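Shared between the two complexes below is subunit A, which has subunit B as its partner in the first and subunit C in the second.
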Partner chain A sequence: MSSLTILGAFLSLAVLTLFPAVMVISTRNILHAGFWLLPTLIGVAGLYAMLDAHFFVVAQVLIYIGAILVLILFALMLTRDVMNPRAPQHNRLVTAAVPTCASMAALSALLLARHPWPTGQPEAAAGAHDQTVALGRALIGTYALPFEAASVLLLAALVGAIVLAKAPQTEPPSAERIDCTGGEK
Partner chain B sequence: MTVGLSHYLILSAALFGLGALAAITRRNAVAVLMGVELMLNAANLNFLAFWRYLTPQGMEAQVFVIIGFTVAAAEAALGLAVVLNLYRDFGTLNVDEASGLKG
Partner chain C sequence: MSLPPLRRAAPTRTGFECDPAFVAGQFAAGVAVLVAAIAAASALPRLPWRLVDPVLIFIGSHPVVNALVKALTVTVFVTVHVIFLIWLERKFAGWMQARLGPMHVGWKGALQTVADAVKLLMKEDIIPTRADRVLFVVAPFLTFMPTLLTFMVLPFSPTWVAYDFPLGILFVLAVTTNISLGTLAAGWGANNKYSLLGGARACAQVLSYEIPMAVAMLSVVTLEGTMSLTEIVKHQQSGWNIVAHAPVMIPAFLIFMVCGLAELNRTPFDLPEAESELVSGFHTEYSGMRFAFFYLGEFAANFFTAGLAVTLFFGGWMGPWLPAPIWFGIKTIAVVALFMWIKWTVPRLRVDQMMGFCWKFLVPASIVIFCATAIMVMVAGS
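For the complex of A and B:
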């Protein structure tokens, strides 16, 4: 591929990533904001593909789009009736936050662009198969401990989510009964 | 002009800024979660860009991204459980209305 093709692909993926992100922030309907997240996540998956991170393209689609986005949309639809689209969707920090975030992003972009990174294209990455095999070996070899820590984190989060989301139980009637019998005796 | 490391870094800086803006200014708790997801995506993009251009033989960046995915999934699950509780207790999802304490 010529470098112009690659640049064009990068720029279109950048637009595909950033424009929906702006819409996520600015749209009034919260359900539309959830759906605008979809092209952003697809754009990031495309950027992973441009970076030759084959495994993470699939992981991004499976985990972010297939799990996290569906979870977010699920919660939005469960709670949709409280969101009045005519009510203000942004708090009063918005006048201060827009210049702050814009200047933060611009400043870090400026600093990162001026840093003398090694130029030139890196050598070709390994194929999808070899890369995934190497990653799997690393996860059960050198990096087994971080991998297990991530698993424990996920398990703890899932158990915590179940405990939090469980409907609050009414007072168990058994305690009262025990009290009554105790009083009679 | 070829696409270099700085292109990816600038893009992810912009994505991080947009995510931070969403997390700070949106009133809906789920939209705040969406902003956090955008920021996590920007961080993962940075990891993979550095991996590709600086250490293509190393495995550290990919392991970090896997942990980043795990953290994002855990954050989404826990955050939505909190959101459901918020809805049940306050009847609203606006984070500036759901204040149990004075002030």
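For the complex of A and C:
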């Protein structure tokens, strides 16, 4: 493919990732914010595809869209109280959150600026099959311990969720109906 | 005062009485259609395909044109074959219930679905006043798009596959889960309690049944050592998976079928649109073309799941005499007919039964079969 095609593909994927990302944090309707995550995550999958990381493309769609996004939306729908579009958009922790995010951003920017980005012709990536085989071997060989630790973390989260869900409710959930047009006409 | 005596209605001809001449006529018509189809299929390779070669070479040499042509072909196929599937479903339902099904538009009602599609296109586009307009409008497409994408990797023959993705099975799993996003959007967007319940049920059902289905498919991957759908078919050259590795593949196929039915929201798993409790679930408020998109997605997914079962367990396109795509079509339609047979035979489950059956039976069973397959492969390898 010519470099122009690649540039065009990259730019459209970047727009597909960044524009919805801005919408996620700016929209007043929290459920819409959840749905705006969809194009962002697809855009990231597209960027993986441009890097010949075949397995990550599919894993991104399977895990981030198919599982995490669906669970986020499901949780939002079950907790309708947070969906009031007239609720304030920033919370009490804003004074702590801003410096934290700013320092994280500064640190990431520093790391990215120091990284020696390879220029020129990259060598051809391995085929999708070989990549997947190598990843599988690494996960159950070299990185078996971190991999299992992540599983234990997820298991702990699962147990925690069950404990929380089983806890006796102090007050019944409000059945008040909320206007889900987001106040917009 | 005396009531007039009860009179029996005059017997009407339904076509299901044992009239030998009628049955013979039907049989002859069936045989004639089959012979004509086989003749047409065997004439295909003799057509002057060389004349279209320059066009194919042009398409093949431009990646963007190539991708567009493939996407267009897949879209057209998905849209058109659903017209046939809906007709088949109605005829099948009629047959199961001892009636004729559509008979008036076209030969044996063959054009009924076309007429219905035209009607749906012309209907007024209704959006409920208090609906979440954006989600309501987007939802039908969100449901249809994943199904459309899965057809990109379905191999109709060694060469008739839009994109022979080496991670085909994983791609299929990743994309089909996204259907639940569309149903959630539809359930929420309509701002209707039946829709919301239906959407939530559909989402929970698809997410739960995805797991045993994925593990059942993983057994096939372990057996074949590849995730490419075309490679899996090629490995079945010596014998279909379900025959050659029957002890593990028959249970795997049964789990796959049950989960497939659940993912397709078909009876006995049609809880998301259970008419008797939820009106029609997440598409209660939809009409016209938006409703048609839900229907289109559902029937296309039907063909795809059947095609996937054929690819994984029944040797895909392989078969004697006929060209590969014809074999693939015959086998797939047979599995689709099996889906229809189940749909019109079995009653609906309850919600708690549906969830319990998945988590307490299907998930452990699929893991046992996966372990059995892995042990089998290890023993055969050593």
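Keep this in mind: the second predicted complex is superposed on the first by the 134 of 185 C-alpha atoms of A that agree within 3 Å, B and C clash if a C-alpha of one lies under 4 Å from a C-alpha of the other, contacts with A are read in each partner's own complex, and residues count from 1 in each chain.
To be clear about the criterion, contacts are C-beta pairs under 8 Å (C-beta built on N, C-alpha and C of every residue); 3 or more make two chains touch, one makes a residue touch a chain.
Please read these numbers as outputs of a predicted model, since none were measured by experiment.
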*Does the superposition put A:Ile30 against subunit B (first), subunit C (second), both, or neither?*
first
*Specify the partner with more touching residues on subunit A, choosing between subunit B and subunit C.*
B
*Have a look at where A:Ala67 lands relative to subunit B and subunit C in the superposition and call it first, second, both or neither.*
both
_Taking the superposition on A as described, I'd like to know which of subunit B and subunit C A:Ala128 touches: first, second, both or neither._
second
*For A:Ala109, is the partner it touches subunit B (first), subunit C (second), both, or none of the two (neither)?*
first
*Which superposed partner A:Ala49 touches (first subunit B, second subunit C, both, neither)*: neither
_Touching partner for A:Val58 - first (subunit B), second (subunit C), both, neither_ = second
*Could you list which residues of subunit A make contact with subunit B in one structure and with subunit C in the other?*
55, 59, 67, 74
*Once bound in the complex, which stretches of subunit C touch subunit A?*
63-64, 130-135, 138, 165-167, 170-171, 173-175, 177-178, 180-181, 184-185, 188, 191, 196, 200, 203, 207, 210, 226-228
_Interface residues, subunit A side, partner subunit B - complex_ = 3, 6-7, 10, 14, 17-18, 21-22, 24-25, 30, 33-34, 37, 40-41, 44, 47-48, 50-53, 55-56, 59, 63-64, 67-68, 71-72, 74-76, 78-79, 82-83, 88-91, 93-94, 97-98, 101-102, 104-106, 108-109, 112-113, 115, 117-119, 121-123, 125, 134-135, 138-139, 142-143, 146-147, 149-151, 153-154, 156-158, 160-162, 164-165, 168
_Under the definition above, what is the set of subunit B residues touching subunit A in their complex?_
1-11, 13-22, 24-28, 30-31, 33-35, 37-38, 41, 44-45, 48-49, 51-54, 56, 59-60, 62-63, 65-67, 69-78, 80-85, 87-88, 91-93, 95-96
*Quick one: which bits of subunit A touch subunit C in the complex? Just the residue numbers, please.*
1, 5, 29, 31-32, 35, 38, 54-55, 58-59, 61-62, 65-67, 69-70, 73-74, 77, 127-129, 132, 179-182
